[in-house]
Amino acid sequence: GEVFDKEMYQDNSLAGVVTGLAWTSVGGEILFIEASLSKGKGKLTLSGQLGDVMKESAMTAISYLRSKAETLNIDHRVFDQYDLHIHVPAGAVPKDGPSAGITMLTAIASIYTQRKVRSKLAMTGEITLRGKVMPVGGIKEKILAAKRAGIEDVILCKRNQKDIEEIDDLYLKGLKFHFVDHVSEVLKIALLENRVKDPMEFMFDPEPKKVVEN
Amino acid sequence: GEVFDKEMYQDNSLAGVVTGLAWTSVGGEILFIEASLSKGKGKLTLSGQLGDVMKESAMTAISYLRSKAETLNIDHRVFDQYDLHIHVPAGAVPKDGPSAGITMLTAIASIYTQRKVRSKLAMTGEITLRGKVMPVGGIKEKILAAKRAGIEDVILCKRNQKDIEEIDDLYLKGLKFHFVDHVSEVLKIALLENRVKDPMEFMFDPEPKKVVEN
Amino acid sequence: GEVFDKEMYQDNSLAGVVTGLAWTSVGGEILFIEASLSKGKGKLTLSGQLGDVMKESAMTAISYLRSKAETLNIDHRVFDQYDLHIHVPAGAVPKDGPSAGITMLTAIASIYTQRKVRSKLAMTGEITLRGKVMPVGGIKEKILAAKRAGIEDVILCKRNQKDIEEIDDLYLKGLKFHFVDHVSEVLKIALLENRVKDPMEFMFDPEPKKVVEN
Amino acid sequence: GEVFDKEMYQDNSLAGVVTGLAWTSVGGEILFIEASLSKGKGKLTLSGQLGDVMKESAMTAISYLRSKAETLNIDHRVFDQYDLHIHVPAGAVPKDGPSAGITMLTAIASIYTQRKVRSKLAMTGEITLRGKVMPVGGIKEKILAAKRAGIEDVILCKRNQKDIEEIDDLYLKGLKFHFVDHVSEVLKIALLENRVKDPMEFMFDPEPKKVVEN
Amino acid sequence: GEVFDKEMYQDNSLAGVVTGLAWTSVGGEILFIEASLSKGKGKLTLSGQLGDVMKESAMTAISYLRSKAETLNIDHRVFDQYDLHIHVPAGAVPKDGPSAGITMLTAIASIYTQRKVRSKLAMTGEITLRGKVMPVGGIKEKILAAKRAGIEDVILCKRNQKDIEEIDDLYLKGLKFHFVDHVSEVLKIALLENRVKDPMEFMFDPEPKKVVEN
Amino acid sequence: GEVFDKEMYQDNSLAGVVTGLAWTSVGGEILFIEASLSKGKGKLTLSGQLGDVMKESAMTAISYLRSKAETLNIDHRVFDQYDLHIHVPAGAVPKDGPSAGITMLTAIASIYTQRKVRSKLAMTGEITLRGKVMPVGGIKEKILAAKRAGIEDVILCKRNQKDIEEIDDLYLKGLKFHFVDHVSEVLKIALLENRVKDPMEFMFDPEPKKVVEN
């Protein structure tokens, strides 16, 4: 049991993989959001039997990141010249809901920047297009699952702080909570400054020169 | 409660976010229309579990603005060279109906012009393609929700004036109403002259020269 | 009541707006077909919860006009270089059937030519691809609605003349009927020679030169 | 009655309009297949509430004509540089089945060649991709409808000859039957040598030169 | 009867038409797979009310032939510069299942090579993407149908040989069976060396030069 | 029986064909994943009545391979300039689930590299986008099917080792098991160093030069 649990969190050597927290009919569990890029034409592929709401979360995360590309040091050409795939194992289990929003956003930000994700970190929270983080349900069950999996840091919406206060301290031991209002705070906590080892090297087709106007 | 209510309206530092008024089975509530732009090819993304009628409202708002681009000082190239995303939180709540028409139109006009939206303003009203504002239902519940959220100005269709007259003055205190016939009036009230701080700078690909003919 | 009724017909200062007559379970009513153009790539958008038959009417109207572009003095490049949106308020009311055919065709012809539409005119009739006007139902209810709304001229299919003859003269007073066989007659009656004030100026991308062959 | 019946067949001054024979639950009737072309990109539009089988008939007719373009003196560029619309009035009546195959093929051949269609001619028969004409049902009812509408010539599949032999001669008086095996025979009978008055003039974009290889 | 039966098989003067054997609830019957090509952009059209499995058979046949184009002396540009249509009469009869696989593959190979198909030949068998021929059901009924239609040669999967051995010799008289494992054997038997009279001449747009690398 | 069984595994002379293990309501069976490439534009075709989960497995496999193209010595242009078809016989049998993941990935890797697949090898296991191999069900039935078909090597997820330990040794005789955590281990075992005889020669269109940036 012990050994198996320890293996459950993802080591952070790969860009684009972030640990989320899900709530199912039989309790909480951790899930992984996996993002990958390959040379292409800007196509988006979503897999893992994702429902409509979860697909919209992914699209909202992408739009937010595209509109903030400059701030995040992402070359905007990567959006049109690379294909993005987001997969959420296990492949046969239907998943839905908005609570993977910040996890998806972090995974996509990591794959585009090739920055490492903080290790032993999990998160849950809805995002909006302007970057607000919104509260989600099932907090107690999710926290228990995080602890079982060896998670040490958890990011939640500020409005979920009250749900943590209702959990017996016994279950919270060893967990550090980060309560946030905005995705910029999420990325500050979740993305490390350094990039992964042997990062992907982006190659771009030349584009016609643009003129800035405002 | 007090503090929470005050936080409910969106401050107006961001372009593209406008407060609407919705009517649900359990009363009125405020909602936010969020619009964002990113360098792209003119793709439109709508999210937030929007129904057919609400999606058509968004398309009607966009067509109206495109056909009036010159008047609004919007460079028409932005429609083809930037992707527009409109999101309506909360992501998991299905929404439908035409009454967010003027709110969507204002959010889109703000994001394209980068002009600030008047603060503590909310609105509800259907739009048509020629820019007429049409009356909507649930006015009483919507007004109560606006008041709870700290709204001070409300835009409504002229034909909804009679619904306001039927509400006890007690509930209207502190609210200023703007009754309009046409979206040009909406934009005049809702969009401030000055642009947001650090506005988005549009960059365009060169286009072939055009010949005016009439 | 009086004032409200008078406001119901659309003044004819805008190109692309034409008054139709609809037949619902609770009687006749007027409706407006709104057409707008914006610089684009020839995309067609239909909104207003239109059913399959009504969408096909719109496509038939467009094909007819495209095939007669030269006769109507429409530059054929406008079809590929501008996007056309047709909206039928109210946005939340489902609409279907072929009887808006001539109204749609007139609205589209007006927006492409920027010619004014005759004021206080309403119409109802199916169109075919070769331009025939076909009879439709609900004539009595539609005529009553037209009169209530201050309409003075009505265009109908010749084969609907018998339906008018069955209506008491009392209800027809002040209405002038135009019975037609072909859409060329509709356009002759409905479109004024002069263009709207401050008409849209079409701008075209250069196209490769063509060779006439026959 | 008399006058109305005589008006029911289409005069043959227009290219692209051909009279078919349909079989409904209340007897036979004539229908018109209308084809039109406009400068475009080779798009196909089908309207008139056509079912799957009837849409496939249209596609089969088009493929046959495209593969025989040279024989029929059709410039192959017309298929890619003009949009084709096929409409079958009445717009609100659902239609299906393969029996309009030869009628559709004749209408399309007429619009592409601008050749006149023989007047007072009607037809019914399924087509296959290699040009075979296949027998169809409801022959007796269809023939009665043709006669009522003033039709003088009827094209049928040879395998439908036995159905004609079972009809009382009384009903066949004044009708001339053409029994065919192949669509080349249909076109020989249905398309006149001369083109319509003021035929459409096709204009083509230049294309890269091709090399014949075999 | 006699004459009609004799007419039922397709003479082999046309490229792209091959006789298959189908199994219906009322016994076996022959069917024709018709393939045609026309100058285009590589579009595929399937008609004849084909079900999902039969459509996938067609796509598998095409992929096999494309991957073997060089071996079959097919210029690969034909796949991108010509449109392929496959039709299976009768147009109104729904058809499904994998057993037309080898028939479709042969029809497509014939149209691309313009080689004649062996006359009085019929076949039935599933194909896989690597060219294996798989056994199918309803062999007895199909064989009876082939005989009634005047077929003389029949191609079947080797694993269907046992089904033939169970049929009374009386019914097999005059039929020659070819049992195969692989579609290369099918094509060797079914396609004659010589091309059809007046074969289609393929014309190609010039393409950018390619570099072979391995 | 004996002879037939021996024929059931695929010899390894072809690239792109890999043996999987499936679990049906009537026991385990082997299946073949077939991949083929043909000159094209990067289109993906999936056939064999594959369900949503299985289609997503294929897309995940492709994304993984594209993102690792350099490591696997695959020229990235092959993804855009060749069409990939994946077929899973038998064509009429619906198939679903994630357990063909590693089999699909191996088949696609083989077709892109033209490397031979180890003979008498079968495998079953889910993949994730970062290349993890996940455990699957029905192990006992699948192993029995592998043995019946003459398989000698089997690749499974490490987490499925416990399922093998529960099977009576009698049934495991002659089978060698490879337990893996990651698809890189799968490819190391499954793909031989040497390419198939007469391998496909890839030909590429020239592409605009790219600039590496990081």
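Observations
As written, the chains take the letters A, B, C, D, E and F, and residue 1 is the first residue of each chain.
Just so it is clear, a residue touches a chain if its C-beta (ideal position, glycine included) is under 8 Å from a C-beta of that chain, and two chains touch if they have at least 3 such contacts.
The structure displayed is predicted, hence computed values, not measured ones.
Contact with chain C and chain E alike is made by D. Between chain C and chain D the CA-based rotation angle works out to 60°, given as a multiple of 5. Taking shared numbers over all numbers used, the chain B to chain C interface scores under half, which places it in the different class. Averaged Cα coordinates give chain B a centre that lies 51 Å from the centre of chain F.
Averaged C-alpha coordinates put the centre of chain A at 30 Å from the centre of chain B.
Separating the centre of chain A from that of chain D, both taken as means of CA atoms, is a distance of 59 Å.
If touching chains are joined by edges, the resulting network of the protein chains shown is one closed cycle, each chain touching exactly two neighbours. With chain A taken as the origin and chain B fixing the direction of travel, the chains line up round the ring as A, B, C, D, E, F. Within the complex, the chain D residues that touch chain E are 52-53, 56-57, 59-60, 63-64, 66-67, 69, 76, 79-80, 97-98, 101, 126, 128-130, 132, 134, 207-214.
Only residues 14, 16-17, 32, 34-41, 45, 47-49, 75, 83, 85-87, 89-92, 199-206 of chain E touch chain D when the two sit together in their complex.
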